[in-house]
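The structure is given below, and queries will be raised subsequently.
Chains here go by letter, A, B, C and D, matching the order in which they are written, and residues are numbered from 1 within each.
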Amino acid sequence: MPESGSTAHETGRRLGRVDSFSDGLFAIAATLLALSIDIPDVPESELNGALDSLFPSVLAYFISFAVVGLFWLRHHEFFGRLQASDSRLAAINLVFLSFVALLPVPTEILGRYDNSPAPVVIYAVFILVLSGLLRALFDHARRADLLAPGQHVPVDNAGALGVLTAFGLSIPLAYVSPDLGMYCWILAGVLPPLLRRMGVGDRSVRPEA
Amino acid sequence: MPESGSTAHETGRRLGRVDSFSDGLFAIAATLLALSIDIPDVPESELNGALDSLFPSVLAYFISFAVVGLFWLRHHEFFGRLQASDSRLAAINLVFLSFVALLPVPTEILGRYDNSPAPVVIYAVFILVLSGLLRALFDHARRADLLAPGQHVPVDNAGALGVLTAFGLSIPLAYVSPDLGMYCWILAGVLPPLLRRMGVGDRSVRPEA
Amino acid sequence: MPESGSTAHETGRRLGRVDSFSDGLFAIAATLLALSIDIPDVPESELNGALDSLFPSVLAYFISFAVVGLFWLRHHEFFGRLQASDSRLAAINLVFLSFVALLPVPTEILGRYDNSPAPVVIYAVFILVLSGLLRALFDHARRADLLAPGQHVPVDNAGALGVLTAFGLSIPLAYVSPDLGMYCWILAGVLPPLLRRMGVGDRSVRPEA
Amino acid sequence: MPESGSTAHETGRRLGRVDSFSDGLFAIAATLLALSIDIPDVPESELNGALDSLFPSVLAYFISFAVVGLFWLRHHEFFGRLQASDSRLAAINLVFLSFVALLPVPTEILGRYDNSPAPVVIYAVFILVLSGLLRALFDHARRADLLAPGQHVPVDNAGALGVLTAFGLSIPLAYVSPDLGMYCWILAGVLPPLLRRMGVGDRSVRPEA
């Protein structure tokens, strides 16, 4: 899909479209997470025990809701700074969105099986893939000069390092203990403020740099 | 996510975004409620009995649809009066939305198990949490001076007192009889007009007060 | 929720909101209909027979998709002609939307049980309720003078008579034969053009009439 | 629904509506595809094997996500070039959207049964129907002169020929081997660039031609 010949107006309209398609998809993916909680079908006498056993699913729901919310925020901030798009950006974005929409699957696996390393590993790999694809969007926009004048990609090195450490480390830890692997994810919230205080800051990379 | 350096225009755009994400989520959550009604898989000769047994699920659906509709109305009214946002407001809003999106779960539990107190208690706690989070949004906006000039938070004391009484009271009553607990929710519709006539009005709290 | 004191601008904004909430809900309800088709879980050797048995569900899907599409068109046309809203209109609209969002349920029942009158009767009653609520919206807007100047409610007497005859007649016919009841629905598409040619036209009722 | 008497402004508004309904539906259909992946309910000791068996479903998910994304792009590009609508265009569009929203069904069948020709055949027929309906939208807009001045329908002969060959050929091949049929779909991505280099180009058909 060559972009040559398309006017600036057309590019603006196309950006708006991609943006609204993306936003809708994030909102739907967040809401569909609730379907990953399977209400058990038991006799009423066993209801209380069955409800207790929902706890891991509910926890997985809230983790994934926060993930969708935070990725949506970063994604939307980024698209607000673009002045143009190209077919490569559209392709990376589509792959990124396909992983966002797939998030209910690792969420349901994580909530249903809480004594095996596989769900923790799958979930962590998922988050790393999402982070990598978002970074690929940022990098392409910078290299292809798609940002609006004076705008910069909101690179958050401390945040990225926190996610990388927390989810990367949780993969080997999950084989020691699945619970330990999940506790490790807390680092994604704890590390970034510490790193920022240590000087690993939000150095924004400007296109003219 | 420091807000310093962002222009008024950027703040406006960010508000618009949060708003459209929230609206989409409310509409999806309302529609997903229909999935909490499980169509039974029975031989056709037993169909009529099976359809009769759907009644509690259908009732729970309509209750939750009204809940989503009314919270959406209040939430949207509130966001229409803001002139700025901050990261704390965004965080409270995300937690609020995560409970809105989760509503199909207590709805399905309430519809499927109609002889136990637990579903009534879970549902009532859910509504109280939603009300508390909405009030937390209001309070933060007032304290952090995020309202547009001349706007006031639409505090509805009579309505809030009605919800608090109806759902708070239903929790102990559910242990006497689950049905009694649910009947108690009718107070949320009956009490506010009575309270308003008694002078517990819609006293709006203005930011300059 | 008294409307007194709200400016024309506020009313306009409130209308826009209701409109976008409604539109989102229609699109989601239409898409969720696909979930009413349950893919059977059989050994691969019995797959072809199992796929054949999906036919009633697929037919029910297309019928309901057309229903949602046509009601959306009428609903949206109507909201485009309003210049104001009031709390009664909002309440009728919410009840109307709660039935739109519930449509996947009678659709799934209709697709799964094809030898009993109950699913046909439930579905027909559903369509009659939806038509009645849409007419209630129209009537209230006319009586409360909510239409924009020069606008009229798009009353379609031939269409309404067609729906009333087709779905009303299908209820007794379903007890003779469920299939006969469903065939009767074809009248909803066949009757209106005939009635229009006979002079039962699209006489629009203007507010000033 | 006669269009006579409607002003250009009304036509514009109606187009905007159809457009936003369509966009919402595409985003929801894309996200619902994740529900076609059924998380198995097995003892934790058999989890790894059960997760391996999810591979065909995950593959089917990504194929369908790409299909929805690409059809959305073409559909949206087309609607951006219209200056008017008529009831026939609305009808074709509704049928087209009903097939988009139904895509989770052939996707789930394709992912669950991987040793039979039927799922491959059903999926291929589905894609051919979608392509045919999109072409019908294009043809009607050109014939009924609905395009904005200077705009042309984005006819992509190479792409259409690629889809036709890949999915058309896969139907007989699926009876030789279901896997071979699916491999054949790769041609839809490989053929178009080759055809373009051979001169079967993106000759756009202008309305004035």
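The working rule: a contact is a pair of C-beta atoms (placed from the backbone, for glycine too) under 8 Å apart; a residue touches a chain by one contact, two chains touch by 3 or more.
No experiment lies behind these values; they were computed from the predicted model shown.
Asks: Give the fewest steps needed to get from chain B to chain D, where each step moves from one chain to a chain it touches.
Replies: When the steps are counted carefully, the minimum from chain B to chain D is 2.
Asks: For the two copies chain D and chain A, is the contact made of the same residues on each side, with over half of the numbers shared, or of different residues?
Replies: Different: fewer than half of the residue numbers at the chain A-chain D interface appear in both copies.
Asks: Averaging only over C-alpha atoms, locate the centres of chain A and chain B and give their separation in whole Å.
Replies: Taking the average C-alpha coordinate of chain A and of chain B, the gap between them is 27 Å.
Asks: Hey, how far is the Cα centre of chain A from the one of chain C, in Å?
Replies: From the centre of chain A to the centre of chain C is 38 Å.
Asks: If a residue has to touch 2 or more other chains to count, which residues of chain A qualify?
Replies: In chain A, residues 24, 28, 32, 35 touch at least two other chains, as defined above.
Asks: Make each chain a node and each touching pair an edge, then name the shape: line, ring, star, complete, other.
Replies: Chain contacts: single closed ring, each chain with exactly two partners.
Asks: Go ahead and list every pair of chains that touch.
Replies: Once each pair is checked, the touching ones are A-B, A-D, B-C, C-D.
Asks: Could you list, by residue number, the parts of chain A that touch chain B in their complex?
Replies: Residues of chain A touching chain B: 23-24, 26-28, 30-35, 37, 39, 41, 44, 47-48, 51, 58, 61-62, 65-66, 69, 72-73, 76, 80.
Asks: Help me check something: in the complex, which residues belonging to chain C touch chain B?
Replies: Contact set of chain C toward chain B: 1, 13, 17, 20-21, 24-25, 28-29, 32, 35, 90, 94, 97-98, 101-105, 108-109, 112-113, 115-116, 118-119, 122.
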